[in-house]
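Quick one: the structure is below, questions incoming.
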Amino acid sequence: MIVVLKQNPDPVKLEKLSSQLRDMGLTLHFSQGVHTSLIGLVGDTSKVDMEMLGANELVETVKRVSEPYKAANRKFHPQDTVVNVNGCKIGEGFFSVIAGPCSVETEEQIIEVAQAVKKSGAKFLRGGAFKPRTSPYAFQGLHDEGIRLLLKAKAVTHMPIVTELMSLGHLDLFSDVDIIQVGARNMQNFEMLKELGHSNKPILLKRGLANTIEELLMSAEYIMAGGNSNVILCERGVRTFETATRNTMDISAVPLLKQLSHLPVVVDPSHATGIPWMVKPLSKAALAAGADGVMIEVHNNPSKALCDGAQSLTPLQFAQVMAALRPMAEFEGKIL
Amino acid sequence: MIVVLKQNPDPVKLEKLSSQLRDMGLTLHFSQGVHTSLIGLVGDTSKVDMEMLGANELVETVKRVSEPYKAANRKFHPQDTVVNVNGCKIGEGFFSVIAGPCSVETEEQIIEVAQAVKKSGAKFLRGGAFKPRTSPYAFQGLHDEGIRLLLKAKAVTHMPIVTELMSLGHLDLFSDVDIIQVGARNMQNFEMLKELGHSNKPILLKRGLANTIEELLMSAEYIMAGGNSNVILCERGVRTFETATRNTMDISAVPLLKQLSHLPVVVDPSHATGIPWMVKPLSKAALAAGADGVMIEVHNNPSKALCDGAQSLTPLQFAQVMAALRPMAEFEGKIL
Amino acid sequence: MIVVLKQNPDPVKLEKLSSQLRDMGLTLHFSQGVHTSLIGLVGDTSKVDMEMLGANELVETVKRVSEPYKAANRKFHPQDTVVNVNGCKIGEGFFSVIAGPCSVETEEQIIEVAQAVKKSGAKFLRGGAFKPRTSPYAFQGLHDEGIRLLLKAKAVTHMPIVTELMSLGHLDLFSDVDIIQVGARNMQNFEMLKELGHSNKPILLKRGLANTIEELLMSAEYIMAGGNSNVILCERGVRTFETATRNTMDISAVPLLKQLSHLPVVVDPSHATGIPWMVKPLSKAALAAGADGVMIEVHNNPSKALCDGAQSLTPLQFAQVMAALRPMAEFEGKIL
Amino acid sequence: MIVVLKQNPDPVKLEKLSSQLRDMGLTLHFSQGVHTSLIGLVGDTSKVDMEMLGANELVETVKRVSEPYKAANRKFHPQDTVVNVNGCKIGEGFFSVIAGPCSVETEEQIIEVAQAVKKSGAKFLRGGAFKPRTSPYAFQGLHDEGIRLLLKAKAVTHMPIVTELMSLGHLDLFSDVDIIQVGARNMQNFEMLKELGHSNKPILLKRGLANTIEELLMSAEYIMAGGNSNVILCERGVRTFETATRNTMDISAVPLLKQLSHLPVVVDPSHATGIPWMVKPLSKAALAAGADGVMIEVHNNPSKALCDGAQSLTPLQFAQVMAALRPMAEFEGKIL
């Protein structure tokens, strides 16, 4: 960590600051430049609060030189983490497809979609029981009934299920859910992350609309610091000035997250673009860039879907995407 | 609402879509262009789900022409909403200053800061008991003890208190809090917004890091739809490519929110910039642009603050800001 | 085009506006809603200036329903445009690799790099003679000497050359250049675009740092409106809040541009990320998403490069990227 | 400047890098951390190319600790720069208003507007002769005839004129123009900036759509490095995800630019928002935040304006803005 000092620091105050830093077990290296002087801090700087230090009257800025995350950091855990739900894996050479409707609507719908996507090769079933909607007047999901229907579809198809938790108050309902999704809008709902750190279930953590890659890893760190290291990172598009797509899919996040962290990474092209025909080229791009899987919205009747229908594929369109991904996964040495 | 159709729509399917729309009580106006044809929907379109409609195979896009919020909309409620806590008002010609430390740390600290900011003219005391921090290893607040200390400071100074709710699980602790703050990271925590709609306390709703003005108003609508119309909107900077300031303060949001909505609007220059000396010019700018108040971080010892110290003012610096704001408020015909 | 009117428009002024619009050859369709009324404009709306119309005192907003570009629009030119330089093609089933140093430095350097990238399979040689640099104190390129050296490298290797034009004043120097690059910072240098519309050379048009896909196509339209339809579009990353990569590569732009336009699309992963090891996964992603080629920075001695060395590949690293792309191109049915 | 090294650097290569740096006249300070080691570079680091250094195989990143601009830097020129055109000043306690139409259209129009804005207190007349337009089919300005008409308006009103240069090829036409405007899209047209550095005219430099404050200052540095220190900086809104306003006006840029640089700073609320009624509150905010002036679009008949009419004020509306600014400027101790 580098502390850049303001011009002409008061020597007495500087000595006081220095001894405070030394008391934290740090070694100090001073450099005096023409216009600027600075202190290099050496030792375990994870205990140093950059903001506190930055507030010191002598300090102009503080710059970090090492990553602030430990448990999620590949430097300290070189081996890939593999999430394994009853043998269905994310990571370890698998390219895992999670598919299903934006929201669970009826028993018929979820079972029909589940059977269709399983037939085409999806390994996990997704479906929303609790739906985050911008408008209070929009359909908000079937809630506990939605979870019940997902579990029915699981019983019929034996696919592990992924569904979003919107409030810790609902956590009891998730006891039979296989993977708990933390949505983009809750990526920095720190109380939720802490609580999920005490869970033994895999967590699918979606990147927030305007969160950096480092912040995504810090949110994973929240969960992992609580003892739960089964975290799947999900790139789902970030918010930019571009309006032609719903969000801007940050494909660079895939190789970067794989290098910085040992956690598996999946991509959600449905939410990233909001445009169904773009799911195929972008799923291929995700595979080519090294992702461990994709999450795709599929609905048996998109124009009747109670939410996000406009971005859902039909089961037939989904089968076509899978037909394109299968040989490509093989070519990349991955198991679809 | 305008429905833009794809080229050469199938007449049978178009008739089916049309009759579905008429069944929702809407009147349809067709326009046939050279390259595009479209339908104008007239009537109460708040029931129309744009996404569902957009998913119809005949539809290219759907464009809204009226605002999707009702309760927060000035068109339907021309009169300004005034939030009144035991006579301390936000709105109605007041320029209300909310001040206090980022986080409550000790009894001495919060009482000392409260007394200092009151003396300088602040009307509300802020202080965090639950702190959202990017890192799980950073100080997270004193929790219930923090609330207890805030209430002590309130007892001593008779200032209404504002503090952030991070989880519905803590709501019981907030029974004596005067204004509940919803932080930027929870602006779209819809379950929290819904629950706060059933509260009778004023809610200070901060704009999310990458949320539009319309989304901010939709989040206010969530609270108001539940019956609680005491909502204060807060601009606190949005995330952009610029790194010289922590966020980019969107000053245009102030006059725009005042025009679109009847709710009071305050600005938080401390979080918007992260730079203490900028609080003065930006508070003046907020006042000049028509804001109903500002929220300012003040700490009796910024360099020892357990969080966000770097952006806090000392009580003396705060007094100087107030000294600059007082005559200007008078000049603008407002009561500080 | 849809004109949304303000509430209760004055009937006399509305009649005046209507007759003005009819005089432009447009047919008008009126819709009267509960809160809003609007006019649908049918006919050749390309002549309508949205801003002028929006300035009318009766008008709230104007919404466009068809694309504002004609020459670049696939709707009117369904067939792919292929750029052909002496048999070296971009488009038509080719995946064309453009490679070379950020800037031309010495005869030895450019010839060595040219020979190396040709051997690995690059079809076009890039190299900067005029360099846009943020700082006036940074190396600005060899100028005419740089062009001379590029032409020498072309004579030796028979590779067509691509180099950036920074000012119309230099255009005479470009008479033997094969493809003229318009850099990101000049994407909306409209005087330059107009002049290049009268050139008979292919133009590689890079997307601006914060320009939308529609604006990129409008800039292509500037060139095409002048008579030059040999335009290659280049996605090179856009500016967002993310700082882990130099820019955020917008992979969605590839399939979207291919659908909206008939022009060929290439991707520049070197500038998009600024990180050499990311060139391989992102070039693969570009190929998977349907791009017609990539542009890659290669330097024989990156740590001595006079600009952008940090993002350049060595010839060996480039050979490894090409080795990864070749079988994948074949798999995708493209010719590398 | 701080060089962060990769883990376990090769000692021989490190010695080589060190001696290269020492050869540049720099003193090196080494710090060895637990996970990271780094070198502090002391001396005149303006000669060090960060990118070249970052490309060294031993180097992880390079961090700058001092600003890369010299001539524009207040640290080296504490005194405010005042731009003075025949006694009409920008800076030095003046709050200068530049007003006029987006584009010059007819002699009558420009003279009528000039007289009107002068009467209301504007000091400078703006008007576009060359207009940057997104579409090649939109009105592009009257060119030399536009300049001729501006000079007529100047002759009649004795107001100095400000107009935009879009291409160096037009520079000869600007010999009688008082202030040359560099538009947002040309902020990084480095060849233009260099040439204007040799001019003796004041330059109004507008911030680019997605350019940082540091980049704006570096573009000013380009002009100043050529010998022309009469640069006026202009904040005109940056591009963000928000669509309610045309751009997002970065009010923080005003105090920040005033602190970092000695150059005068003006704000353009017309382009920042695109909404005429917002010009008043935002001009007041600019004044309150410390700006040296504002630039406002005024048209005698906005709904007939050939460009940007929708954002123009009528002369009457402009008079109302000036009436609001005059007492406020006095209150702030400035001369309008």
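Chains: A, B, C and D, in written order; residue numbering restarts at 1 for each.
Basically, contacts are C-beta pairs under 8 Å (C-beta built on N, C-alpha and C of every residue); 3 or more make two chains touch, one makes a residue touch a chain.
For clarity, every value in this text was computed on a predicted model and none was experimentally measured.
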| task | State the chain with the largest centre-to-centre distance from chain C, centres being mean CA positions. | result | B
| field | Repeat of interface A-D, chosen from B-C, C-D or B-D - more than half of residue-number contact pairs shared | value | B-C
| query | Between chain B and chain C, what is the separation of their C-alpha centroids in Å? | reply | 39
| Between chain A and chain B, what is the separation of their C-alpha centroids in Å? | 26
| query | Measuring from the mean C-alpha position of chain A to the mean C-alpha position of chain C, what distance in angstrom results? | reply | 31
| query | Where does chain A touch two or more other chains at once, residue-wise? | reply | 210, 239-241, 243
| said: Residue numbers of chain B touching chain C in their complex, please. | reply: 2, 4, 29-36, 38, 40, 42-45, 61, 63, 65-66, 75, 210, 239-241, 243
| field | chain A contact footprint on chain B (complex, rising order) | value | 46-47, 49, 51-52, 54-57, 68, 130, 132-140, 166-170, 185-186, 188-194, 208-211, 215, 218, 221-222, 225, 239, 302-312
| note | As the complex stands, chain C meets chain A at residues 210, 212-214, 238, 240-245, 248-252, 254-256, 259, 272-273, 277-278, 281-282, 284-290, 327-328, 331
